[in-house]
Amino acid sequence: MAAIAIAAGAEPREASPAERALKRLVKRRGAIFGLAMVVFFVILAVAAPWIAPYDPIATSWSLVRKAPSAQHWFGTDEIGRDVLSRVIWGARASLLAGVVSVCISLAIGVPIGLAAGYLGRWTDMAISRVTDAMLACPFLILAIALAAFLGPSLTNAMIAIGIAATPAFIRLTRAQVLSVKVEDYVEAARAVGNSHLRIVLRHIFPNVMAPLIVQATLAIAAAVIAEASLSFLGLGQQPPAPSWGSMLNTAKNYVENAPWMAVWPGLSIFLLVLSFNLLGDGLRDALDPRHG
Amino acid sequence: MRFARIAAVLALAAALPASAQTLRIGLAEDPDLLDPSTARTFVGRIVFASLCDKLMDLDENLKIVPMLATSWEWSADGKALTMKLRPNVLFHDGEKLDAAAVKYSIERHKTIAGSNRKGELAPVASVDVIDPLTVRLNLTGPFAPLTAVLTDRAGMIVSPKAAQALGEKFNTKPVCAGPFRFVERVAQDRIVVERFKDYWNKGAIHFDKVTYLPIVDATVRLANLKSGQLDFIERMAPSDVPGLKDDRRFKITKAVEMGYQGITINISGNEVAQKSPLKDARVREALELSLDRDAIVQVAQDGEGLVGNQWVSPKNPWYTKSMPPPKRNIERAKALLKEAGVTNPSFTLMAGTTSDAQRVAQIVQAMAKDAGFDVKIQATEFAVALKLADQNQFDAFVLAWSGRPDPDTNLYQFIFCKQPQNNAGYCNPQVDALLNQERVTIDPAQRAKLFEQIAGHTLKDRPILYLFHRHWIQAYSSKLSGLKPVPDALVRLQGLKFN
Amino acid sequence: MGRFLLHRLAAIIPTLFLVSMLIFGLQQLLPGDPALALAGEDRDESLVQHLRAKFHLDDPIPVRYGYWIKDVLRGDLGESVRIQKPVTELILEKLPVTIELAVLAMLFALSIGITAGIVSAVFKDTAFDYVANVFALWGLSTPNFWLGILLILLFSVKLGWLPASGYVSPFEDLRANLASMVMPAFVLGNAFAAVLMRHTRSAMLQVLTADYVRTARAKGLDERVVILRHALRNALVPVITLGALEFGTLLSGAVLTEQVFSIPGFGKLIVDAVFNRDYAVVQGVVLFTATVYVTLNLLADLAYFAVNPRMRG
């Protein structure tokens, strides 16, 4: 991004753009809170086997839908499993779904977007038409159809969400490339006879990364919700393995007599999504000083 | 301030009943085609109960009683059923319901494209009009389940004039001889019917209008009943029963379903079955012994169900009492596994994505684990599960059957060799012979003995592990009275009224 | 302008064509046998065969696509298998419901989102700004099906103020209609309001530092006049065009909202059809929404173009 280079030039002290971006990030309390929460959930997910008080899939016929108590802080579910343990383990599915599906989107979307933006002409035409077509189908519907096509499982939900979210990344990358490719340093690189691949990887890609990072962080938030939505419709993580979305799917049948089953997983989704949103906002402000 | 006023107005609007003589029924699903020939879903039958009268009906004890046919008689060889029709019955379009109309309807069921009745009526070879009020069904051979079949959609008589005029579009404006006539339908939203003034039994009808509203979510359905938006809901969630039981504004009716909940096991001997430890009958027995049916009913249904081990419930007159459900016995199960040489058998349990099916699957998984089974649950979308089941591409499958009044229709197509729904791939010539015999035996006592012999085989071979029978739970406003709880769980409007 | 319009129009046709292929391919590749799924519990064999033949299920996919697209080009989207009703009729029946929901949600979102956006821009870095931002984050981060469940629990189950679900036509009973729409519109509008608030805020911040606003202020105009007459008018153009682009998001949201509140609209139609393998419905509805989306996109582009002629392609 050109903006970073310009801003760097205006500063009196010499500091790398990344360093300065980090400084701006740290100044934003919201972003730090978001980051802290994300780290918290990551720790929860990684350390689930040690933190969780019970086995998340251990059932107990005498503990069906018991309200929160000293033994079971978040209560128990419809077949007597500890909700707290399931919420802790469920962080794995949600984080995994968020991160992996966005990685899929990036892995497909960025090269295609680079190609479309850099090569232009009919490549761009063809890619843009397909992107438009995919964007014209509502995101969740596309994801539902894909997930149904692939069969219900966490992996397939991640693939479905990843593919459905790809066009947004193609579009963003392409737009960034279009604005970067006319910059002097790219022209210069071309003039000295660098290969296309080298120009794209060395000169263009690093300069389109900042907005991609921001978009990716926000996309993780959207993907976490999307995974929960698919699981809510029965197309995501499969039982007995816990996922917040599928916990909500079951819980909705008992809202009246076991509301705790719905409250905690929902709250967890909310907090995790909130954290990624805060982090994404902070990153955007840090990487693009013109914003906000 | 303004918001508070709006809220108050809205609350008032919600509290007002739509009309004193309109009955509003909440359905658990949106029905499919409203044509008795092509209709496919259980929920559709609830709507038909107001639209289309049948030749025969069921009473609370599953006895077959007269409706449009006042009496009937089997020929000595069991190959013909002669029915006397009720006189002076009119269709909603004013046409007369006579023997010719019955002949037309039965033939229509058997011939029109997309009919779902062809299989049920397959034994009916021809229909003779003897006089305007007498009709005879000629069969290819004796067929005991026939009268039971006629208590369902196959026994619904449609107006020939309307059916001819509308053709394939008959479902958009069904014309029958039921207590209510069709008014309108908005897909996924509502079906409205109004009182038919010339109904033959109009004295028993106390509503001007009935509105059926499909509301899939059980919690939401119940909330609508509580807020007064609905007068009646079908299939209430068992977990909601305790909350409503003590509420004097509402009443709850329960009936044990005619169908069953169970696990179909692939014993077809194909590649998939060969790899499954369940191919060994001892392993299947061990699986059954690892299950605690009482606990399953308690947990999966909040106790709202009846433990069972046969294709009809223990309360059904056709149940074989000499073979009750086995008690859980982990020691014996382990011993059987040892005997079969598999100490850690692992298989995949396919279950629909609905929470009901998933709950049963997870409970079975946890219980079987105690005996050493490693059960993997494979949640499968309904459409996919049916296909896999049809091709015998599964180890075990959590299956629910909504049930029919005749025991044969809960059994024959599931275990007779090579029948389309025999997903277990079960083929036992002795059982097939007994089934063929049972179908042609009209005498109930003799027939019951044949079913007992069948049970002797199938409960040992275990192509299907029958687990329990759910309660159909219906809840309704205490202002309503006169409801007959028939196990088929249809909402019969005859006699039902607001106090 | 003319060339730009033509160029844009020309791009719509291949896009929609691709959408039709995409959704058809995806649908037809779905596993499971639609004939079995539709045949119901009894699965009468002759019925299964009848369904297979009727929907050409034994033909290869390109051939089936040919059958379908031929009808589509003649304006016939086919027929729902489940209830034998033309898809066009179903769309016309469901459209008003979803439009009402979307419009109410939009109204809610516009009134809350834009107000909050203005307030937080004008009072930047104050408590107002802070509250508005928290609200926006809440809106963006709440899974709307969860919010729906909680609202039903509170307002219908516990308090009994609002009907938990269902839909009443406004022509039949306007009060009941609004009562049934309050919660869904709020749930659906919630996230949208957040998006609008953010756009309004940044657009306002930009405009407030623009020369003509400074000039207006320098002329000694009342601050309220400056903000409402000068700043807001200019800030709203991009906000509203962005609103059109968010239509797709709104529809995605409607899918779950309608599911939770059992509202018989588009979203419910599609989800039920996907699970029931009612191909014609899924294909028809998606193609229709795509057409609407693409058209709205075009209009948004035109609006942008009209405001800012430098923006091209």
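For clarity, chains are labelled A, B and C in written order, and residue numbers in each chain start from 1.
Note that in this section contacts are C-beta pairs under 8 Å (C-beta built on N, C-alpha and C of every residue); 3 or more make two chains touch, one makes a residue touch a chain.
Owing to the predicted nature of the structure, the values given are computational and were not obtained by experimental measurement.
A.B. asks: I'd like the most central chain, judged by C-alpha centroids against the all-protein C-alpha centroid.
C.D. replies: Measuring from the global C-alpha mean, the nearest chain centre belongs to C.
A.B. asks: If you tally the C-beta contacts, which comes out ahead, B-C or A-B?
C.D. replies: B-C
A.B. asks: With centres defined as the mean C-alpha position, give me the chain A-chain C separation in Å.
C.D. replies: Centre-to-centre distance between chain A and chain C: 22 Å.
A.B. asks: Report the inter-centroid distance (CA atoms only) between chain B and chain C in whole Å.
C.D. replies: Centre-to-centre distance between chain B and chain C: 38 Å.
A.B. asks: Suppose each chain is reduced to the average of its Cα coordinates; what separation in Å results between chain A and chain B?
C.D. replies: 45
A.B. asks: Counting only residues that touch at least two other chains, what does the list for chain A look like?
C.D. replies: 148, 151, 252, 255-256, in rising order.
A.B. asks: Name the residues of chain B that each touch 2 or more other chains.
C.D. replies: 217, 219, 223, 381, 384
A.B. asks: Which positions in chain C touch two or more other chains at once?
C.D. replies: 30-31, 152, 157, 260, 275 - these are the residues of chain C that touch more than one other chain.
A.B. asks: What does chain B use to touch chain C in their complex?
C.D. replies: The contact residues of chain B facing chain C are 7, 9-11, 13-14, 30, 32-33, 38, 40-42, 113-120, 168-169, 171-172, 186-189, 213-217, 219-220, 223-224, 226-227, 229, 381-387, 390, 401-402, 420-421.
A.B. asks: Under the definition above, what is the set of chain A residues touching chain B in their complex?
C.D. replies: These residues of chain A touch chain B: 57-59, 61, 64-65, 78-80, 148, 151-152, 234-235, 238-240, 249-250, 252-258.
A.B. asks: Please give the residue numbers of chain A that touch chain C in the complex, ascending.
C.D. replies: So the residues of chain A touching chain C come out as 129-130, 132-142, 144-146, 148-149, 151, 221, 225, 228-229, 232-233, 248, 251-252, 255-256, 259, 262-263, 266, 269-271, 273-274, 277-278, 281, 291-292.
A.B. asks: Can you list the residues on chain C that touch chain A in the complex?
C.D. replies: Answer in residue numbers: 11, 14-16, 18-19, 22-23, 26-27, 29-31, 137-138, 140-143, 145-146, 149-150, 152-153, 157, 202, 205, 248-249, 251-253, 255-256, 259-260, 270-271, 274-275, 282, 286, 289-290, 293-294, 297.
A.B. asks: Contact residues on chain C for chain B in the complex?
C.D. replies: 30-34, 36-47, 50-51, 54, 80, 82-85, 90, 93-94, 152, 156-157, 160-167, 173, 175-176, 178-179, 182, 260-262, 264, 268-269, 272, 275-277
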